[in-house]
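Here come two complexes built around chain A, the first alongside chain B, the second alongside chain C.
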Partner chain A sequence: MFRKLHDPGPQAVTIFIDGRPVVAEPGESVAAVLLRQQEGWNRTTPVSQSPRAPYCMMGVCFECLVEIDGQGSVQSCLTPVAAGMRIARQQGRRSLSA
Partner chain B sequence: MSEHTDLLIVGAGPAGMAAAIAARRHGLSVRLVDEQPAPGGQIWRGIETVAATPRAARLGESYLSGADRAAAFRACGALYEPESQLWQIEPGFRAFITRGGKARIVTAEAIILATGAQERPVPFPGWTLPGVLTVGAAQILLKTADSVPEKPVWIAGCGPLPLLYMTQLLAAGGRIAGFLDTTARGRVRAALRHLPQGLGRLGDLMKGLSWSLALRRAGIPTIRHVTELVAEGEGRLQRLRYRAEDGREAEVPAEVLLVHEGVVPNIHAALALGCAVRWHAGQHCYVPVLDAWGETTQANIFIAGDGAGIGGAEAAEPRGRLAALRVAARLGRLDDAAAELAAAPERGALSGALALRPFLDALYAPRPQLHAPPDETLVCRCEEVTAGELRARALEGRPGPNQLKAFTRAGMGPCQGRQCGYAMAHIVAAAQGRPVEEVGFYRIRPPLKPVTLGELASLDEQEPAA
Partner chain C sequence: MRPDIVVIGGGTVGAAIAYGLAGKCNKVLLLDGDDGDFRAARANFGLVWLQGKGLGMPAYQALTRASIALWRGFTERLEAETAIDLAYEQNGGLAFCLGEDAFEKRRLDLLRLHNQRGDGEPDWEMLDRPALERLLPKVTLGPDVAGASFGRHDGHANPLRLLAAMHAGVLRHGGALRHRARVRRIEPAGTDFKLTLDGETLVAPRVVIAAGLGSPELARQVGLDVPLRPERGQVLVTERLEPFLPLPASGLRQTGEGTVMIGATKDDPGFDVSTTGEAAARLSRKTVQIVPALARVGLVRQWAGLRIMTPDSYPIYAQSQSHPGAFVALCHSGVTLAAFHAEDLASAIAAGSLPGRLSPFHQSRFDVPQAA
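Our next item is the complex of A and B:
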């Protein structure tokens, strides 16, 4: 959906989305990286299993929830990338589960 | 590190940073928490990183002016905690904050909420599809990730932000498929009567006009007075339909659609704290009830910046400083006469900054269709409740938003009604033939965001606060 205008160069870090290595730049959010992926979604809803993607990028819609390093329902638009981070898309999970 | 400070500020945007600097100048100890990784708030997102890069120039002067503000804030001696989300405040004050999955309690004598605004929710059929985002979201992607929509993008809405974003996007080499301008017919005439009082802000008007001209020069197709939008696709946005006031309709292929219908104050924290709010007819939203210093109806809790009512960054800064002055006087660092003296220029700056607001509010007043989405629209994105269901239920026994929430689960999801609250209020009002301000808003209870068991457990590990 989105593309990055510059190459992060030597600063680039690798993060893993559902096990697949992906290039990211320090300072950007996990949601920004997710929006550059082919799949275009990061979770499905608990009610109808519909795919959802980041919508507001500022912490108010909670559409961007993913699992990060084993912790479920993290707002990916508020989480900066870090080298080696493991992200898993979330299927139908109620956000309150710890 | 002591967990107690004189003043706790929430939000490192223009208001919060200005408040911190002013409070430090008067000798207060200040803790400032913000859920973002760096200072700047919405207008100056990512400024510290971006200012040093060649792409800074594309984002414009008012963006760049944030670099000095962030530097002054860093140097002011406030204890700054980024990536820290506030989720509850108890009397006393004890504030609950989560950072990196761990929660803790900090205490303070006074609190300034400088939590800013959010974009007004724009419910329409298909707005939950991946590929539909807000204009603000795309601007954040441009500022913080140097990212633009891959294919030519559709933009729908009204207000200064879509115009600003489109000029920034073009400067960055992005492509625009078309602009669906939702400004209703007749708004220009309605706005003009507010112009005389705003003439002192001619510069802002010229800026807005220059954005419009740049878009025209770039040959961006613009459809005026768009009233209805429908987004469609299998699992993601693929097609977009729109209808204009003159009946003109079209269906176009689309991968990304950005929407924006103005901004409204973040009032959840104020509501959870029991601060009184009032309906602002000109801005079509609730604003907190505040005195001339920004103090809420709860003593020693202040609100500054766009959270106090939409005024823009230039109004946010004097509002932040006024609140800080009052706190300094309360805590005995300044006598009342000195506070009044220091407040005078801030009040002048504030009224100057607000002079053009009534004009902008009238020009970009939300179109009526915004608050009456078709039955199939998912009004509550989290719990997937449609406008039709709310409408039907609203007729049975005249329930208010809180009863409807209990019946339908609308507003019960993780966003806690931040996306459906206003639509709910308007649907109830229309169904029951009542004015929207009479219907009220969801009752908001802490926590302000879903809290995990892990976070609660981490509270127990904290040493008792001093």
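Our next item is the complex of A and C:
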């Protein structure tokens, strides 16, 4: 999978992916962080449940949807990380409450 | 194939009639226009719906009731013949009421309809907020929701699959279907009719005009003067969600795939199917008043279609007096009425005359001068 080329140093922030703390650099997108993870996917599709990962990284393909801070179906490639952000991989159809 | 009967218009209405006729051993030819036409069949909401319909026109309430009674059997036959799942569900349907006044008004409207019907047990009830909450355990209702009316016979289906299945059913029964086959002219030829298409002519002893908004100019040529106007309806569709709405409501339904359909608006811009931001805002606002959590759900599509509206909004079914053998069938709610069109109406057309119970739907009702 992908890895970070440089160390973000002291300004690094922590975000949570499915409850696990992960180090991120201010200014990078949530999708970039997701692509560095062992599990290379961020959601499964609503119909066939097949896993999906960020693809276009510029807001057009909608493959990168995740739940962020309780809001479902957010495009992670368009969302910069913020300290304490809680990301949940999305499984199939999202529920009304997320 | 020399057809026994030509059905003009392959939308929800023409396809249902052609499917019914083909099943009755007629050699049916179904002629449809093209994607540039106004096509309500491809824009509608998919409700198979009774509650609230037919005020001032008891025959329409009875017709709708009769069609819904046929729907289950109709679906089963069509599904068995075509292996297309119509996703028909009849768990009843809701009309949400925002505020106590709206709740009371709804109750009175349905009571008036019930009294107009005269006999039979009520097949609807008013659900107050606690009752509604019990029916919808996965929904947190907005504070303004006073309750809803519940219609026992209401349901919904996938209207695009319905259309595809009826087309497949026509073929399955030995009928023929032609797309991009616009009829330009109909002329009597002895006791037959000569149809002029682009670059060819066809002859058939009988024709059914069911071309939606394209019907008046064809019908006129065989002595049927059918007044019609388009009424625009806009619909919003959300991303797919886990099932949360176990039964449809009049402006809000969750499909089998999980999307939520929201709609439809009503306005009168003429032959115009553009969508507007204003309609999207209005539909969204109303929906969020009912189910606030939908505010955080993504919309994936908005579309507009034109309803086929007669002056009193009720159907027109007629046979031409000057040109017997030429029929016209026009309606709004072609999904709800599909079972009736495929069965009773197709049988009557096959037999050559429309029964007396359909006389209230003759367009001559519009000729009668209104008393002041």
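Throughout what follows, the second predicted complex is superposed on the first by the 93 of 98 C-alpha atoms of A that agree within 3 Å, B and C clash if a C-alpha of one lies under 4 Å from a C-alpha of the other, contacts with A are read in each partner's own complex, and residues count from 1 in each chain.
One rule holds in what follows: contacts are C-beta pairs under 8 Å (C-beta built on N, C-alpha and C of every residue); 3 or more make two chains touch, one makes a residue touch a chain.
Since we're looking at a predicted model, the values are computed, not measured.
K.L.:
Can A:Ala82 be said to touch chain B (first), chain C (second), both, or neither?
P.N.:
Neither chain B nor chain C is touched by A:Ala82.
K.L.:
Of the two partner chains, chain B (first) and chain C (second), which one does A:Arg93 touch, if any: first, second, both, or neither?
P.N.:
Only chain C; A:Arg93 stays clear of chain B.
K.L.:
By the touch definition at the top of the document, which applies to A:Leu5: first (chain B), second (chain C), both, or neither?
P.N.:
Once the two structures are laid over each other on A, A:Leu5 reaches chain B alone.
K.L.:
Is A:Gln71 touching the first partner chain B, the second partner chain C, both, or neither of them?
P.N.:
Both partners.
K.L.:
Where does A:Val47 make contact in the superposed view: on chain B (first), on chain C (second), on both, or on neither?
P.N.:
The answer is both, since A:Val47 touches chain B and chain C.
K.L.:
Tell me which touches more residues of chain A here: chain C or chain B.
P.N.:
Of chain B and chain C, the partner in contact with more residues of chain A is B.
K.L.:
Now for A:Glu28: first (chain B), second (chain C), both, or neither, which partner does it touch?
P.N.:
first
K.L.:
Indicate the residue numbers of chain A shared between its chain B interface and its chain C interface, in ascending order.
P.N.:
Overlap of chain B and chain C footprints on chain A: residues 47, 71-73, 95-97.
K.L.:
Flag every residue of chain C that touches chain A in the complex, lowest number first.
P.N.:
138-139, 239-242, 244, 257-258, 291, 293-294, 296-298
K.L.:
Mind pulling up the chain A residues that touch chain C in the complex?
P.N.:
Interface residues on the chain A side: 46-47, 71-73, 92-97.
K.L.:
With touch defined as at the start, can you tell me which chain B residues reach chain A in the complex?
P.N.:
Listed in rising order, the residues are 35-37, 42, 46, 49, 55, 83, 85, 101, 118-119, 128, 130-134, 136-138, 140-141, 144-150, 172-173, 235-236, 255-256, 266, 381-384, 413-415, 418-419, 450, 452-454.
K.L.:
Per the contact definition, I'd like the list of chain A residues that touch chain B in the complex.
P.N.:
Going by the criterion above, the answer is residues 1-6, 25, 27-29, 32-33, 35-36, 40-41, 45, 47-48, 50-63, 65, 71-73, 77-78, 80, 95-98.
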